[in-house]
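Labels run A, B, C and D following the written order; every chain starts at residue 1.
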Amino acid sequence: MSQPPLSRIPPEIRCAQDYEALAEHFLAPPTLAYIAGGSGRDVTLAANAAAFAAWRIYPRLLRDVTAGHTRLALAGQPFAHPLLLAPVAFQKLAHAQAEIETARAAEATQTCMVASTLSSFALEDIARAGKAMRWFQLYFQPQRDATLDLVQRAEAAGYAALVVTLDASIQLPSLRAQRAGFAMPADCAPANLARHAAVALPALAPGDSRIFQGAMQTAPTWADLDWLLGQTRLPLWVKGVLHPQDAADLKARGVTGLIVSNHGGRTLDGAPASLDALPAIRAAVGAGFPLLLDSGIRSGGDAFKALALGADAVLIGRLQMHALSVAGALGVAHLLKLLREELEACMALAGCATLADIGPHSVVRG
Amino acid sequence: MSQPPLSRIPPEIRCAQDYEALAEHFLAPPTLAYIAGGSGRDVTLAANAAAFAAWRIYPRLLRDVTAGHTRLALAGQPFAHPLLLAPVAFQKLAHAQAEIETARAAEATQTCMVASTLSSFALEDIARAGKAMRWFQLYFQPQRDATLDLVQRAEAAGYAALVVTLDASIQLPSLRAQRAGFAMPADCAPANLARHAAVALPALAPGDSRIFQGAMQTAPTWADLDWLLGQTRLPLWVKGVLHPQDAADLKARGVTGLIVSNHGGRTLDGAPASLDALPAIRAAVGAGFPLLLDSGIRSGGDAFKALALGADAVLIGRLQMHALSVAGALGVAHLLKLLREELEACMALAGCATLADIGPHSVVRG
Amino acid sequence: MSQPPLSRIPPEIRCAQDYEALAEHFLAPPTLAYIAGGSGRDVTLAANAAAFAAWRIYPRLLRDVTAGHTRLALAGQPFAHPLLLAPVAFQKLAHAQAEIETARAAEATQTCMVASTLSSFALEDIARAGKAMRWFQLYFQPQRDATLDLVQRAEAAGYAALVVTLDASIQLPSLRAQRAGFAMPADCAPANLARHAAVALPALAPGDSRIFQGAMQTAPTWADLDWLLGQTRLPLWVKGVLHPQDAADLKARGVTGLIVSNHGGRTLDGAPASLDALPAIRAAVGAGFPLLLDSGIRSGGDAFKALALGADAVLIGRLQMHALSVAGALGVAHLLKLLREELEACMALAGCATLADIGPHSVVRG
Amino acid sequence: MSQPPLSRIPPEIRCAQDYEALAEHFLAPPTLAYIAGGSGRDVTLAANAAAFAAWRIYPRLLRDVTAGHTRLALAGQPFAHPLLLAPVAFQKLAHAQAEIETARAAEATQTCMVASTLSSFALEDIARAGKAMRWFQLYFQPQRDATLDLVQRAEAAGYAALVVTLDASIQLPSLRAQRAGFAMPADCAPANLARHAAVALPALAPGDSRIFQGAMQTAPTWADLDWLLGQTRLPLWVKGVLHPQDAADLKARGVTGLIVSNHGGRTLDGAPASLDALPAIRAAVGAGFPLLLDSGIRSGGDAFKALALGADAVLIGRLQMHALSVAGALGVAHLLKLLREELEACMALAGCATLADIGPHSVVRG
């Protein structure tokens, strides 16, 4: 039996990543497998971890960091620190109060939460739950009016940016979750989409592919992105970029910034580690263009490495769910505090008083 | 005890490679060891797997793939998809109806089956069992009239191409199979060769080598290949190429196309992984020359990687036997459906609507 | 139960590193975890070991080494051999007589002991315990008069050099030690600091960082180093250097020499292996500038590799504590004898009669 | 209890390396540990295996190898095949009849046996036991007349070459053997040296090193080698070379040929793999200069790789002892037959009719 969430910070948590192991006691095994697993055989999931492990951080001596801080601006918006809560669908899997708890943790820790299109609670409810800056993650819907409705609701609810996810038109399922017998519970419905009738996919003709003529019929294309850019005054980030040519093309199209991500290894098993893809993407978009990294961050040291290799900030996905399952808002807030202090400790030892001091010179391959 | 083959698709199969593990319940341990093992200590077998694992596939965004398909032409012949059933000897080891079942699966899935010289059923029987395009795999026989007889029978039975295998003049046995006590069952005789009297090898003189003056006396040479090219009007593929100079020489000799293969790691333990050998061979023969890859494919993602690195199509060997043992024609057909959809999913996520869109730019070393 | 220290050399010790395993019987598990563990998840600890393992030593033939020896001079001071006892805090963790025993072993083996600011016994007591050359390791204290007091006491007690450690302004704790339940025993107080009142850290303002505005407030800066250089006539070494630019800057500032070290993997988990950092630092400071290496030495062969890659001598940390726990002064002296003979054997087989014969040509990556 | 040697070829041996595992039943554990172990922690022993595993052999197609053979000449002497029996000391450890059995196996398989200075039987007895070409391995003795006596006895007994071993002036013991409690049995005395009084090492002065002023006092130098070259009309090979400069210097001194070897990983733990050292040594001595490789050969494929990377022939050490323990002369002869056929099979599949056809083009890194 899995335990109910704690109402205190668990004393056995000594670093952010400890929430990963502890969550095993708070989640049913199939749910744990679904949250922890990646697409297919976890090849990309493992590649993410290996990519961070391959780098070392240089200690630097005698630097005065007493005025140090972690503040930054992303496309003109101020952030207390470079850790964002990644959009994670169906947080009811981890906690009955789901995104409501997460939003409270975000407020308590001055963290930007990116709410998912597929959240368990409606985006308006999430917006009411916490006062920190919020972004809204958007999946293109099969029909443009449904997409537009989501955009307009996010604007109305005070979300400060849109993050459109483009790497999950189809998702290869997790063998780990399948073998554990995971099935999405009935109460994990996407609250934001309740008002939109489900759209039936077109019937396949003989010889048609279930992929090309089936699932991909409703996948967004460049034309959809151009349309979206014209529909909103919000900053528009694109999440899921791994190839430098896509990055350059998206920048040319006018998006606000990019999130280098392989969806936490949850879409294409065999995709590159996002950290491995980062340097070429930074080179493709040039210095100064807003760039975030997602997928594989398990510690403040990992965040430091991502910043060193070209990211302006990072998103935290699985650990968010793990901490949510262990202790709700308290757990997520504690997780963020730990991650931030781990990052600050790395900065201090690496002689970096500000995020701008972190760079490729700060790391070396191990 | 091993189970009899199923007459339904096993529900625990979630991806093509799952047939590998499931087959353990349907094959006697020595037979499983023989099918799954490679030559010697499985060094090349493991190298094949490692070669695929070393590559990552780039997701690409916003490409319209709704007109996508997997069709291709090989030397002017049309194929619904780039997955061929590799020539596997003695399929009675996996199923009593052997190649008859495989041929039915091939027809059901529009797959080209390459029937082996060493098939359990005669090539004419196989030809009658399924209507899909068939190729015939040829081993040079000790006497040219026996070889010619096979060629003419294949032509008469409607085989659309010949695949002459050149990398197995001798085969170093599988230690795994030997240790498991495998011996070829009496009913696994090569039906195609029943009419040809066995040819006694010449007696060895004192000081002669059992290899050089023994087994290799009947191995084909360039003169034999030239002779063969003059005996048939069928397209002639050569299977077993790993060195780029051999590839260039074979192209110059006039063969139709090449199959890069290490015989699934079953001949020379210590041979390079076929995928590792592929790029240099593509460079040696140039763009446009027909090139297939065999040895090590366990998923649609593996097929994608082979296509990205220079292959036009791939052959499926061991998984074919595994699926045959589990559920006969149904299993093989299901296997091919899974592989094809896995490939299509990779293509869709990689932004490739057609096979021609797949290229070296689609992958990166991990 | 852990055993009391032996009063004889344990017969099961066959090489220096054997003290590592044997110490498990002489230390309580939490104490063992604290001594053996590194910061965080032991990433840098493991990197140190891997860095040494990656190099091979070239045997050289027919060289006359009968006049061979291990003598050297460091900044004008003579040493019988290039093995120093690293400054290790709180040696009472390993033995009731702590640094007193270590000092006796140092005298018996003509070894330079570097006494820690955080020693269990006062630096004057350690000085009285053994007649070998001694250096004093200095941590900057929150107030300069406390620091100066330590310097002047070390000078008065006959310490021949200062080693100022700069890489441990903060230390990320060892998860291994935390999980083992380690807490510093009450009798492990820093005897040298007994006369100095504890300095309260300044209170944090809202929004302040516990790292930047907390722990790092008292961390030394370049100005502190410059001040220190003016306060002592002793040679001044800096310990904890990993980046070549820091090395060049410190040399320019006028320090006597550098100790390349990652604090045995005990400060920043994820820092580079000290051996990996060594060649670039030797290149940065040039030939002839005194350079020691610390962190990861477990054998005379490791010492040889460090000397080959640019170090003039090496420091022994954990093994010192392990041997101390097993057999006190006798254990430490035996350890040093073993390490020295292992080094001499490597030198003899590598054809190096003196330390000056060892160089980059003596090793090759494996 | 270990079994007595068999008088038949064991049926469970399917390849040469199988003798390694089977020997576990025929040797007492401490003896097995001594034979199988390397110096120190087996680092170089493992490096030898890894070096061979890193290479792949290219199959080549359609080559006519029916006139194939494995004959070669080394410095004018003819050999049926490129496999020599390495000098292994104290073969009584493996079999009561020791080198007598080995000599019989050598004769039966047309193999050159290199008899060790430290053989259990006298070199004259070994010479009488088998008619194949024999070489004599020479250790320099503390006094030149003892060395000269060995040389003259070897000449008188018909040994066709001398192999002077230079990499074992001191040997770091095997921890594996020490931990297994191995001690050299009383009956394992060096028969060849019975007539020479043991030479006492000079007493050490205070401060002297047991290595430099002790064991290394009697180690040979360049002057000793020059002297030896003037004492014999036999071809003189040097064994134990790993550095290319040593190789070039030895060639310039006039030796007949070199044996690249790390003594099977038994002298300096941490020395490079002999196969890794081979290409640079071949480059240093140039084409045509006789070069053998020793250390790490476990199969005919390993021998092929050594020949491809620059060796003219290889020596077989540990497997010789393993086969000797299992079945005496019969085992060693069987081992050599297996190795030769494994080599021939690799040659046949690699399209090499003669040893001269094997070259760097035959292999590729895996």
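The working rule: a residue touches a chain if its C-beta (ideal position, glycine included) is under 8 Å from a C-beta of that chain, and two chains touch if they have at least 3 such contacts.
All of these numbers come straight from a predicted model, not from anything done at the bench.
The minimum number of touch steps linking chain A to chain D comes to 2.
Looking at the partners of chain C and chain D together, they share no chain.
At the interface between chain A and chain C, under half of the residue numbers involved are used by both copies, so each side presents largely different positions.
Relative to chain B, the most remote chain by averaged C-alpha coordinates is C. One simple way to say how far apart two chains are is to compare their mean CA positions; for chain B and chain C this gives 60 Å. Rounded to a whole number, the gap between the C-alpha centres of chain A and chain B is 42 angstrom.
The set of chain C residues that touch two or more partner chains is empty. The complete set of chain-chain contacts reads A-B, A-C, B-D, C-D. Of all residues in chain C, those touching chain D in their complex are 14-15, 53, 55-70, 301, 305, 341-342, 344-350, 353, 364, 366.
Residues of chain B that touch chain D in their complex: 40, 43-44, 47, 166-167, 169-170, 172-173, 175, 178-179, 209-213, 215-217, 219-222, 224-225, 238, 240-243, 246, 250, 262, 267-273, 276.
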